Amino acid sequence: MENEQRLINGKAMLQRVDAEAADSVMTNLQNVAPDVAKMILEFAFNDIYTRPGLSLQQRELVTITSLLTQGDTAAQLRVHLNGCLNVGLSRTEIVETCIHCIPYVGFPKVLNALTVVTAIFADRED
Amino acid sequence: MENEQRLINGKAMLQRVDAEAADSVMTNLQNVAPDVAKMILEFAFNDIYTRPGLSLQQRELVTITSLLTQGDTAAQLRVHLNGCLNVGLSRTEIVETCIHCIPYVGFPKVLNALTVVTAIFADRED
Amino acid sequence: MENEQRLINGKAMLQRVDAEAADSVMTNLQNVAPDVAKMILEFAFNDIYTRPGLSLQQRELVTITSLLTQGDTAAQLRVHLNGCLNVGLSRTEIVETCIHCIPYVGFPKVLNALTVVTAIFADRED
Amino acid sequence: MENEQRLINGKAMLQRVDAEAADSVMTNLQNVAPDVAKMILEFAFNDIYTRPGLSLQQRELVTITSLLTQGDTAAQLRVHLNGCLNVGLSRTEIVETCIHCIPYVGFPKVLNALTVVTAIFADRED
Amino acid sequence: MENEQRLINGKAMLQRVDAEAADSVMTNLQNVAPDVAKMILEFAFNDIYTRPGLSLQQRELVTITSLLTQGDTAAQLRVHLNGCLNVGLSRTEIVETCIHCIPYVGFPKVLNALTVVTAIFADRED
Amino acid sequence: MENEQRLINGKAMLQRVDAEAADSVMTNLQNVAPDVAKMILEFAFNDIYTRPGLSLQQRELVTITSLLTQGDTAAQLRVHLNGCLNVGLSRTEIVETCIHCIPYVGFPKVLNALTVVTAIFADRED
């Protein structure tokens, strides 16, 4: 596949996951590192996200788990908590995913994630 | 629920996830910290794992993602990669979960996990 | 011990460590994940904190060291720096604990912790 | 070398790397942990930074890579992104260093660093 | 650029950095996750490593710093310490890079890296 | 204080904490990075460890907590678990410190530490 097609597919995928984020990713990186925005779309949202073998719901569950576990990722959690809801995961599945991580990472990282979850849930009506 | 019941339920759950691990957890911790084995069973495998809201397959997917992301967890990955297969996840779902983490954690942590995946897959016939 | 007693004991312990935090933990988690507040009280502040073998002062010293070392834990440090002072550790012991971590974690994590320490010390009169 | 000379040399080195930071390090730590400011100057900026074998440009490149990789270091990145420019690294070298880390640490940590880079570049005219 | 060309360029680049690793990457991943080997070559060693703006020596210095800082990366450090020497960095530059990280990450991670450095240096005659 | 005195004091302190480690630190680093051994003695074991404000027992408790929390530190834990026992901490205090970290870092890091604890306790007769 040529890069142009990877970019188009990646944009379409990010649009599905979080349409608002799709715009702001490009804007924020435009001045200093526009190539990083392209890599996010081509590599992450085309090469990785469009692979078969996992549903989009599974992918978003894996994504928020990885972000919660590494910490210092409130900005990215915001995008992908919206993404979770946009691809059809329930609020319960999101909260249970956070709770499931407690024995693996301890309470502080889970509480940090739940602070972002609380804010996202309050902002949305679904 | 009383602690005795939590322990019984937790043992049954770990038995389902990874029967071999269920034995060795108790044995390894017996001399130095037997209470930690009880906490793993009561808190992790009863209080957390038996909650509704996520399937056991989703829980094991979340678990290996969290272990892969934090690193230095080869021993725990071994238990839960077996757990993934035992609760019905496919080899493809496991490998795709690792691949999905590349954009979030980079290649080194994913390669470390895939080394354990390769060893576990080679040991099993399913 | 039944869960009800674990909850009562855990509340009493968190009250001793940081009375203000005891209230806000429940409030913040009330809408999205009230069970996590219960787990913090039952598991962390009853099952763990009430164990013999370490004094409360030792426990709070261990707590702030673990929080400082993992990073991205300013909110939790605030609770437990107050906790340190509430259980009778001196300001000197707190600052020296941070300094002692420099050879193990480097300056950035220690400076992040000292920023929170400075704010907490300024807020209190003891 | 006596400690007094280490302190003088360390101050001169930090002055070269980031004159503004040189002042604020001392001020911020003055009340709670003045000895830490001395250790930063004597140990980090004298004992380490003045060693032969790496140029100051190489040292600052290594520094921002280490800060980006460990995460939760926006405050320290601000000092050393200014440091990079002050010792003669180009904006391109800084951005490329961030981009180079993507395969090793993933996008979230790199995006966090690029947020700080964007702010620093906007503040300066060189 | 088409993916085929990205793969060819990536292979050539990894060949330059560490010819032995170029072979083993493909072999180890062949059974379980051959696509990851392709991503390493296409994304890491073509898209990233062939960018202008940093010399190969700077890239390898950044790489070992990131690996040392994240920890649990002895296998990857082995590849890139060889890579450092292969692209013309001196033993002194490698050791000084490790030493430079002490104030940022503390002694344990640096000592872990120096253990690998010692083994690699002992194996080579350059 | 002159560096010579810092080195002498640091050696004496490490001797107290773990006499066997005092020898092997110098030996292992002798070929590749002898200055790092000096920094460990002068900076860590003189400048930091000899400060007033914390007892040696408190310092070793803080040390093993920081090592357990950062992970990938089995080698350093071995030194400082011996150190804990050498400065008079009991086996119970060591195990309880590990258990106390469960709510803050999760089970995997604590189990990794307890594996080292079990080995050290088996090796010693005190």
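Letters are used for the chains, namely A, B, C, D, E and F, taken in the order the chains are written, and counting of residues starts over at 1 for each.
In this section, a residue touches a chain if its C-beta (ideal position, glycine included) is under 8 Å from a C-beta of that chain, and two chains touch if they have at least 3 such contacts.
Being a predicted model, the structure only gives us computed values, none of them experimental.
Shared contact partners of chain B and chain C, listed by label, are A, D, E, F. Between C-D and D-E, more C-beta contact pairs are found at D-E.
Chain centres here are Cα means. That of chain B falls 31 Å from that of chain F.
Centroids of chain C and chain E (each the mean of its C-alpha atoms) stand 40 Å apart. If each chain is reduced to the centroid of its CA atoms, chain A and chain B end up 24 Å from each other.
Annotation for chain C: residues 39-40, 43-44, 67, 70-72, 95, 99, 101-105, 107-108 touch two or more other chains. Residue ranges of chain E in contact with chain B, taken from their complex: 28-29, 31-33, 35-36, 39-40, 44, 67, 70-73, 75-76. Interface residues of chain A facing chain F in the complex, by the touch rule stated above, are 101-108. Within the complex, the chain D residues that touch chain A are 71-72, 95, 98-99, 102, 107-112, 114-115, 117-118, 121. Within the complex formed with chain F, the residues of chain C that make contact are 40, 43-44, 48-49, 51, 53-54, 58-59, 61-63, 65-70, 92-93, 95-97, 99-105.
Only residues 1-3, 35, 39, 43, 47 of chain A touch chain E when the two sit together in their complex.
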